[in-house]
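The first chain written gets the first letter, and so on, giving A, B, C and D; residue counts start at 1 in each chain.
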Amino acid sequence: MLALISLNAKSGPNFITMFQNLPIPFLILSFLTILSSLYVVTSKNPVHSVLALIFTFFTISAHYVLLNAQFLAVVNLIVYAGAIMVLFLFVLMLLNLSKETEPVKSNWWGIAAAITAGSMLLIVTAAFQVTGEAVAKNPVEGIGLVKALGKVLFTRFVVPFELTGILFLAAMVGAVLLGKREKNNAVLIPKEEGGNS
Amino acid sequence: MLTLMIFLPLIGFLINGLVGRFLPKNVSGWLGTAAVLGSFILAVMNFNALTAEAGQLESIHQKLFTFLHVGSLHVDFAFQFDRLSAVMTLIITGIGTLIHMYSIAYMHEDDGLYKFFAYLNLFIFNMLVLVLGSNYMMLFFGWEGVGLCSYLLIGFWYKNVDFGKAARKAFVMNRIGDLGLLLGLFLIYSTYGTFEYQDLFSRVFTGTDASSNVNTAIALLLFIGAMGKSAQIPLYTWLPDAMAGPTPVSALIHAATMVTAGIYLVIRSEAIYALSPFANEIVMWIGLSTSILAALIGLKQNDIKKVLAYSTVSQLGLMFIALGCGAYTAALFHVITHAFFKALLFLGSGSVIHGMHHEQDIRQMGGLRKKMPITYLTFLIGTLAITGFPFLSGFFSKDEILMSAFAHNKLVFGLALMSAGITGFYMFRMFFVTFHGTYRNHHHAYEKVHESPLLMTLPLLVLAVLSVIGGAVNLPHYLGEGISGGLHHLLSFDGGGQFSPILIYPEHAIELSHTAEIALLAMAVSVFVIAFLYTRNKYVVKGSVPEADADQQGMGKVLANKFYVDEAYDMAFVAPLESASDVITEYVDEKALKSAVDGVGTGGYGLSKLLSKIQNGNIEYYLLYMVIGISLLLAFNLF
Amino acid sequence: MEIILIPIIAALVTAGLGKRSNVWISTLLSLIPLAVLYTYFTRFGVDNGWKTIFDLTWISENIRFTLGFDGLTGMLLLLTNLMVPVIVMAGIRDDENRVKLTALTLFMQGALNGVFMAQDGLMFYIFWELALIPIYFITLTMSGENAFKITLRFFLYTFIGSLAMLASLLYLFLHTANYSFSFEALRAVELSRIESIWVGAGILLAFVVKIPLLPFHSWQADTYTHSPAAGSMLLSGIMLKMGLYGLLRWYLPLAPESIEFFQPWIIGLSVAGVLYGALIAIRQKDMKRLIAFSSLSHVALIAAGIFTLTAEGLEGGVLQMFVHGVNVIGLFLVVELIEKSTGTRLLGELGGLAKSNRSFMIFFMLLALGTVAVPFTNGFPGEFMLLKAVYMYNPNMSLLAGLTIIFCAVYIFRMVQFSMFGEGKHEVLSLKWNEYVAFGILSIAVLLIGFVPQLFVDVVHSSILQIVTWVSEAKGVLS
Amino acid sequence: MNLLSIFNQVEISHYIYLSTVLFSIGLFGVLFRRNAIILLMCIELMLNAVNLLFTAFSTYMGDADGQIFVFFIMVVAAAEAAVGLAILVLVYRNTRKTDVSFLDQLKG
């Protein structure tokens, strides 16, 4: 951390002053994003986690709007908040996991995880401090709109686009296959642990 | 002719060694004898060629091949027959022949007779290489070779573990001396750049290549070798033990020839020794102390061969006194006479042992005079010769040593005279106890004691004659200038070559008046008379018998136990060495080093166990490791 | 090339024949390379440097399959191809392992020939490792209960050493002008002193482990003791010489700038090893162990001699390499026959064997004398030269190293005494034709070298001269 | 079109910090939680952090490619969630657990 601070001191505004000139909406949004994402990982109740995550996605969509990526903002809401998270919620409900069933991990594990994640954060920020250069601002009107995106997607990225279709197909088939109940599907679990009900 | 002379015994060795076991005993015996006899005859012929009236030669030199030529090292396999070598060769082959002959009878019962003769022949060969080599390397070959033969022959009766031990002791003690000799050789080579006697000595003589310190170092290192071979303090203890070998071996190797190799070495290196008075002093004092010590121990020994062994050590000490005083001729003279009478005594004792059915303890003997007349007579002559009975060979040679000591240092003379006097006591003690008095052995009936066969008594007789007249080789000058000093004239012959005489430097001239000489003679004779009368009174008139070792008291006990030197050596060298070996084996090699290596191995195991714990299948851990890994990777790239 | 291929083919043939092969066949097969070697000597001679006699593009244009021949190589090839027949003839017991052991031994012969002839650094390394493969199988599968542990220790040592050598060779390789592994190219690399010390240390480590010098020897005794006789013979008689050969052929020419740095260390360690091995040997009860430590002591003296960088030391070293090979193989053969006859090789349980078999006794004595370095046996000239070389380096060192002539007499004659002399408890079986021939070859070697060492020294003379020249040139560059 | 002229007030670095923080929180979740469903959610969170960064760069540099990538990431995320959840349901049916520790039973 000391290294980080010293790096900051070298390369511009320090950690506190860098927030001073920011627009209020951005600050509020960011604050909410971080808060809700923290709740996602710390909440003991999975349902709360899902709900917090959906909220996070909403805030991120708001960021997209701020960034003039309107199409993405909408898609994010539809796909993530709408589809994926509902899927999560649905599975939770289906398995009746709303209670706090998760085994508690020991403290040292939490500390280890925090240290590891923290050091990752530190390193990535430090990396930016060391190598980051001011990106030339080159805003182009309307690249976040469907029209512009569609043009790029169906010209330069048409092959990957088609490939994602295949990926979806595969995922769909896989999901269906996995979901199918089989007679003898306890292969994963040794008998003596008696997992099969 | 020279080569043939040297290689005849080797041929004998090869024949006996390879096919000896298929030959009848007599054949292999006579074969071995013939080889040495042939060698003797050739030696006489060579000697005549060397000293022929018309055109005397300094030496006959013969190079066979280059033994080694590497870098700065050049060693020829070459022989040099000069006057010193000639004298030694004659002793070796002459006495060798007699002892071979004697052995045919002495060893006739032994199954390994052919082997015995093979070893003896090999010994003669090595001894010839020693004295005939034309450089120090050749000397070293022979030096080691005779040591080996000595080992083989001491341990000849290999079934006896103690004999084997004695043999190894002899070899190892000799090797200690050899190491000194070897280092001396290295020093010679690095100083003078050659091993060849002629080149070397002319360089020593003319050049100022080396400081006197270096010469002293060389002389002392060579003397260490001589100590080992000639059984001087501190390396003498092997010689009495070496009596484990068959008696002819004791006569040939441990009395007449091999043990005098040390004397030969010093005489040969006279040029170097003469430049180092300090080394000479050391040689003299070592010789003196050895002479007295061995004589004292000899007083209380009851094994007939042990007495003779200590006597040999003592006489060798006397020779070194002479060398230390610069009386090289006297030393060589004593080598010759000593070879005669000591071989005689040993062979005589062998005859006694043979007659007594391998009994060696003189307390078990007595009164053998009547049963073994020839042995008795010859033994008497030998005893008289060694104790200095006037006008026998030992008288002249010993007196010459004493006189040179007198001229050099009165104290040394006194002590040497004492040593010579003690000789009289122990020799007569042994002689009287063995041949006079009453027969005391209860295991063998007196009637069974027999005189030895002719084959054994003949060499005795020959040697007895030589012991009587041997003094003629180098008569003192008070007997007349014309006939005296033969040996000295022989050795200091100067043919006018680059390096001429064996003895380059004049002897420390014995400038004594005739009166003084006569006085000294009188002292020596009176010491002899006292010894004779005292022992005769004690052992013949009173008929007392020496006590057993266990009954000895006070000083006698110390002497009977040989001053506890063997025990002291055991404590000081053998035991520490063995425990050092054990400690190193157990702690350093097994524990420290091996466990260090095994530590690497078990460390590897431990590490792999640790790593396999990491691979426990738990995905959370994997995740953690993955993230840590990525972090490290990034961090590494970053800084 | 033939000399490498023939033994390997012979190994395959032996393995293929299986139980149908016998001592005759394998002996004859192992003797063929000797004939080839003879033609090498006549065709190429031993003068005029290290001649390339086989050359083939291999991995690249500059990493070639090159074989060379000169006196030094010839000497080592002679040792290998003379001793392997001895081992095959008499050293392999007629039990279930015979075929396997014979095939592995023959394979080893080929690999060793490769090591001694390789003129390309990479080839040298590959043959060096290839020679380990047979010994790995021999020690692992035939050394009794502790085989794994012993083999592990052995291989830990050798692999670490080999890897260090590979690293050094690679470093040199990367600094060659055209990325070549050839001896000449590696030698031409100019190194600074520090570089040279590191490179030299890497190369040295491999050789020092194989020799082995003092702190790196603890693989030796156990491996020798527990391996079958043929394994011990191969290891001590020939494989050790790889290390010494490597010193002469690869270390000295490739990293001459580092010699001055290592010289006092290696000589010090060697002299310490001489005494260390001798001291331990004095009290060993197991004959094989005794010989192992005696070998440690003798080989250390060779290393010391080589590092004195004098002609006496180097040529004496090469001569002594040959001599030690002969003697140690002979002694192991003696022990093998004793063990085969009596079922034990512990000195306390033996005794009086001399009575039962006289010719065996003579052969044993001859080999023992050779080991003790009595004049007119093979041990003497080499030991003399080596001690003289050490004396020229430092007289005090030679005094210490010279103690070996005393200790050696102590332990060798102790072994002779306790096994052959005294009252008989066992008998040695009478020798068969193959054992007679084997002992005959060894005895001739013992006496021939003892009487005319110059014959053998001349063979290596020009090779050694060249090495000495290179080393002194490099020293000139430094100073 | 833009609701705020954000370029003038917010540097790209702020988005980088934000998304890094989000990513780290997701990472922490992945490491800390044992419930497989939460794990999947944390992964979604991390993916979104990346998406945000992509979008930010895309906008600041005036290049649409970044947003296309976000699009693809969403596709992959959706597929992943579908398959992952299907596996989860299957596992739950067998073990009555959604704990990731079941994975140490895998034999490979």
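The working rule: a contact is a pair of C-beta atoms (placed from the backbone, for glycine too) under 8 Å apart; a residue touches a chain by one contact, two chains touch by 3 or more.
Remember, it's a predicted structure, so these values are computed and weren't measured experimentally.
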Notebook entry, point to check: Which chains are shared contacts of chain A and chain C?
Noted result: B
Check: Central chain, going by Cα centroids?
Finding: C
Notebook entry, point to check: How far is the middle of chain B from the middle of chain C, if each middle is the mean of its Cα atoms, in Å?
Noted result: 38
Item checked: Centroid spacing, where centroids are CA-atom means, of chain B and chain D in whole angstrom -> 98
Checklist line | Distance from the mean Cα position of chain D to that of chain C, given in whole angstrom | finding: 66
Checklist line | Junction residues of chain C - those touching two or more other chains | finding: none
Checklist line | In chain B, residues with contacts to at least two other chains | finding: 620, 624, 627
Checklist line | Junction residues of chain D, two or more chains touched | finding: 27, 31, 34, 101, 105-106
Check: What chain-chain pairs meet the touch criterion?
Finding: A-B, A-D, B-C, B-D
Note to self: Show me the residue ranges of chain B that touch chain A in the complex, using the header's touch definition.
What the structure shows: 620, 624, 627-628, 630-631, 634-635, 637-638
Next item on the list: Show which residues of chain B lie in contact with chain D when the two form their complex.
Entry: 616-620, 623-624, 627
Check: Which of the residues in chain D end up touching chain A in this complex?
Finding: 1-4, 6-7, 9-18, 20-29, 31-35, 37-38, 40-42, 44-45, 48, 51-52, 55-65, 67-68, 70-72, 74-83, 85-96, 98-99, 101-102, 105-106
Next item on the list: Give every residue of chain A touching chain B within the complex, in rising order.
Entry: 109, 112-113, 116-117, 119-120, 123-124, 126-127, 130-131
Notebook entry, point to check: Residues of chain A touching chain D in their complex?
Noted result: 18, 21-23, 25-26, 30, 33-34, 37-38, 40-41, 46, 49-50, 53, 56-57, 60, 63-72, 75-76, 79-80, 83-84, 87-88, 91-92, 94-95, 97, 101-103, 105, 109-110, 112-114, 116-118, 120-121, 124-125, 128, 132, 134-144, 148-149, 152-153, 156-157, 160, 164, 167-168, 170-172, 174-176, 178-179, 181, 185-186, 188-190, 193, 195-197
